[in-house]
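First the structure, in the form of structure tokens, and then the observations on it.
A, B and C are the chain letters, set down in written order, and residue numbers restart from 1 in every chain.
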Amino acid sequence: MTETAVAARERREARMQSMLEELYPWLRSITGVGLRRTLARLAAELPGLEMRSVPTGTMVYDWRIPREWRLHEAYVNGPDGERIIDVRWHNLHVVNYSVPVHRSMSLQELRPHLHSLPDRPGWIPYRTSYYTPSWGFCLAHEQLELLREGTYEVVIESEMVDGSLDYGELFVPGETDDEVLFSAHVCHPSLANDNLSGVIALVELARTVAARARRRFGYRFLFAPGTIGAVAFLSRNRDTVRRIRHGLVVTGVGGPGVLHYKRTRDGAVVDRIMERVLGEQGDHRMLPFSPDGYDERQFNSPGLRLPVGRLSRLPHGQYPEYHTSADDLSFVRSEAIEGAVRALEAFVKRVEGDGNVLNVVPCGEPQFSRRGLTGSALDGARPGAVAWVLNLADGEHTFEDMADRSGLGLGDIRAAVDVLEANGLLDRYEGDPAGATDGERT
Amino acid sequence: MTETAVAARERREARMQSMLEELYPWLRSITGVGLRRTLARLAAELPGLEMRSVPTGTMVYDWRIPREWRLHEAYVNGPDGERIIDVRWHNLHVVNYSVPVHRSMSLQELRPHLHSLPDRPGWIPYRTSYYTPSWGFCLAHEQLELLREGTYEVVIESEMVDGSLDYGELFVPGETDDEVLFSAHVCHPSLANDNLSGVIALVELARTVAARARRRFGYRFLFAPGTIGAVAFLSRNRDTVRRIRHGLVVTGVGGPGVLHYKRTRDGAVVDRIMERVLGEQGDHRMLPFSPDGYDERQFNSPGLRLPVGRLSRLPHGQYPEYHTSADDLSFVRSEAIEGAVRALEAFVKRVEGDGNVLNVVPCGEPQFSRRGLTGSALDGARPGAVAWVLNLADGEHTFEDMADRSGLGLGDIRAAVDVLEANGLLDRYEGDPAGATDGERT
Amino acid sequence: MTETAVAARERREARMQSMLEELYPWLRSITGVGLRRTLARLAAELPGLEMRSVPTGTMVYDWRIPREWRLHEAYVNGPDGERIIDVRWHNLHVVNYSVPVHRSMSLQELRPHLHSLPDRPGWIPYRTSYYTPSWGFCLAHEQLELLREGTYEVVIESEMVDGSLDYGELFVPGETDDEVLFSAHVCHPSLANDNLSGVIALVELARTVAARARRRFGYRFLFAPGTIGAVAFLSRNRDTVRRIRHGLVVTGVGGPGVLHYKRTRDGAVVDRIMERVLGEQGDHRMLPFSPDGYDERQFNSPGLRLPVGRLSRLPHGQYPEYHTSADDLSFVRSEAIEGAVRALEAFVKRVEGDGNVLNVVPCGEPQFSRRGLTGSALDGARPGAVAWVLNLADGEHTFEDMADRSGLGLGDIRAAVDVLEANGLLDRYEGDPAGATDGERT
């Protein structure tokens, strides 16, 4: 790597670190002020990012958009009047979407509303109750065990108001109607790996994509509340999501572990490309599809079957810090996010550069001599590679397919593509085959 | 097995034994009185079984329905006037479809008309000449060798009359237009394994099927004379046979040997289901398709390619008693038939219960909370199984496919299906994919 | 082999040898007198062979037909006036398509126009410059090294005139519209293996094909200048080339090495048939497709994807004599060409005899008895083979497929086909599946 590249990388890591530290303390949820403030902050980084608002009560496929949750205060005072829990101390202290409470109660009465992790006595768990009216507090188990009998004052000043569910969408147009989707859930409060790491990775990726001189694909970046946000997006874009040729959900890329790629339901091209990308980046793991996880569940539902995989590091549930206060700023390293961004950039480069060329002289060979395309006019391209590219430039072979079949290197293939394209013998193909899934899409 | 189940099984075995003993002595052929009497007897067991009659001379595909064969007497008297062969002693003594004879002749003249089995000197062979006018007698080789020179009186009082070829058809309707076919040839006289065993197995299976509370498929039971009966059925039901999603020819299930399943020509779903069914029942053998055997030949002919396999025990030609008087009541055990009936019942259960569910919320996941479908409302179903079933309930996956892909047990899958179906999240699918052959049907 | 067969073979080898010796000395190119004279000579052997002429300047796909090259004289005189190179001595002495020159020049000036093979100092190389105006001489390197300083007289009396590019086409019609293509490039001067051997092999094959009593396929023999001739043929027959079901380019079959078959781009049926044919003929090699080589490049271009493979012995570039004066009459053996002709004949026999039969009684079995088709009427055919053939005669199985699936020998299959066809139970199938490529054709 050049010194300039190292410097650029360090600058980006510093920028990501700074964004992490800024966004981490905000109280987010699937609706409300914290979410909107986060989206506005992302829009400041990414001009063109638009906020979409879906009113409370709207049906999005099978889901109904809930009322907005607004939290003003949430605390518990102990028998001696001392403050023992306060959401101001940590966003995870309150069960997300808690209904209002303003009562005094005994410890026995309070106890079922207190959540802790006996196995991890120093950590605060993350709990939500978006769709079932409920309230509660989360705290370290070691604190819970010190609570003594007496009367507790419990206050949750929250409101459930008609409002909207919001998500952010940035579209960077390309030369064709085909699209690539990147999606990161943006609803979690004060959890650094899950999913500020994914959000921030996509911010940086979006910068890179927008800076490209040319884009064959349009790129859509989705920052939406988990599950219902993805469902809302899908429901409101029933036709346009058909343009998605490749997609990736990006989550948990700042924590420990090598990069993990989770395949699509039906084995899309994105799986093969990501396998190659990660193979080149070093140690990694490929995971089979399963209908759990993050929003890849929605994208891969049987009525949609979109070609959307998932990039993460250690998957949720495979690290104890998952959904606890231990998923904090010390748990996440900007170098780890940087590694994911680089993989995503390599993916874009590959998707942009790879395949989708059509031989414009498909019947018989071109007459090179007539076109002056001999010797040095080939610009270093190997004649064998030129022949292979022309033979396989049928809209059905990626460059890597060409390299595989010919036994030539990808560099030879690309050099041949370049000289052929420069001489008008190849057209970029805008049709369907490029990113079609291996299976059928309905 | 509960005591009740044991008792029910013993009752059924006794009932089958009694039916075997009743039907065994009757002189059947591909047409005529004995065949009609047999069909009438089956109709007494199976209300709704209808007799179809195809007039002599009718073309059914490539075949012409022959005249009916009526046999009044068939015997040979020896040089001393003593009766040496009489069809009243054994139905196999006369070549089935023998033309009339009433002559005295030398042993030399008679000899070509006498059929025996030198290797099995005590057994009478079974011979027919349905389509080529001929006459003859079958006898034990040890008796043949004792015949001495002299004048024999040969009498066959038979008629070839215009009449019909008859077959029996029972249709037990289901909730969809799709059908399952079971077929047993019913033409053989005094041969117990081939094929009273198959006929009787289907009688019992039809009872079970008719007693089901619900049937997704309609079930068609065919009791027809071999070859020409199946051809007649097929020829007269050219459109409706397209509804057959799965089918089985059932023959020779009362003799020795483990159950043998013969695959369909093009690898239909019935093959996979039967492989699983027999695998669960214990030792068994899977046989490749071949264009010989029984009526599976007709069902699998290239213009039809119906998904019809065959269930038998030791295949014809692999036991010496085949087509001889040794295929008698002592050769067949009702326990063996019972084993086949149980396999067929397991097949029906599987076909009825398996797969063909459609996620009614195919785009995105259902909102379980809104539907109250959480916790105990899942009725013990595992959330992971629920997610997998919803993801794969696309009309293309059987329950076993779901179990295979998810790595979950079939029980988990079924439990998830049950709770989802009960809550209106799955529909039974009535379309084509269910029973479509793996290959293409013309 | 019978003595007659041996005699016939020897006669044919003698005939091929004589043709080789006759055609070898002629100065051919991709256009012009020598080419037309060669085609006329082939037409004398093959009545019906027609000469096609494409005028100078015509576009054939991406190519423009060049002017004709006419060479009257080409020689170099040395400093002492002695003749040191003369095309009359060897056709390879002049760079094919050299423009006119009539000058005196120093050795230094002449030197860049002299081509030799330092590694093979005794051989004259073969050089062409069809599409780039240029001139030159080829000579043995050992001669080149003896040239001394001085003034050389360089004379090339050539003309570039408006005329035509010519190729020869023989069509031997068949009973269906489907065609088999055989193609040999005919442009090379005084090179025996490349490609008089292929031209002469096709002459003999055409005789055999024309002598067949029946031909299911039409056979098209193409004798065309390399590359541009094939492109011209393809361009002028855009619709009719779609009828090509199987094709072979035949080149370099008279030199050393076992027969080599180069597969088609998309894996056509011809590949499987040739693999079987060569397997029976003994040692051979199968080569993967690549977009280099001979006119298979044009036939397999992505817009055409015709099912055309290539038969040769040692491929070009794998023998040092390639494109040198050492590819002379001593390098080629008529026995080697004979071996290729026999393989091609076996291919034709197989293509003609194999598969493409349709059961005319596809639903159910035929009633053999009604048709008298029993016992000796089966003419020795095995009933099992008859059943298999009827079952698989669906237009999708070749005879070898039938043999493979049934486990019977090809002889049994053919015997059954013969008796069934003779009795009107099989039709030859004229449709598409027969020779369709395994992949799709656009």
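As a convention for this text, contacts are C-beta pairs under 8 Å (C-beta built on N, C-alpha and C of every residue); 3 or more make two chains touch, one makes a residue touch a chain.
Quick caveat: nothing in here was measured; it's all calculated off a predicted structure.
Chemist: Indicate which of the five shapes (line, ring, star, complete, other) describes how the chains touch one another.
Modeler: complete
Chemist: Answer with same or different: of all residue numbers used at the interface between subunit B and subunit C, are over half used by both copies?
Modeler: Under half shared, hence different.
Chemist: Measuring from the mean C-alpha position of subunit B to the mean C-alpha position of subunit C, what distance in angstrom results?
Modeler: 57
Chemist: Would you please write down the residue numbers of subunit A that are in contact with two or more other chains?
Modeler: none
Chemist: Would you mind writing out the residues of subunit B in touch with subunit A in their complex?
Modeler: My answer: residues 359, 361-367, 369-370, 374, 384, 387-388, 390-394, 406.
Chemist: Mind listing the subunit C positions that touch subunit A in their complex?
Modeler: Touch residues, subunit C against subunit A: 60-64, 130-132, 227-228, 230-231, 234-235, 238, 265, 290-292, 297-298, 300-304.
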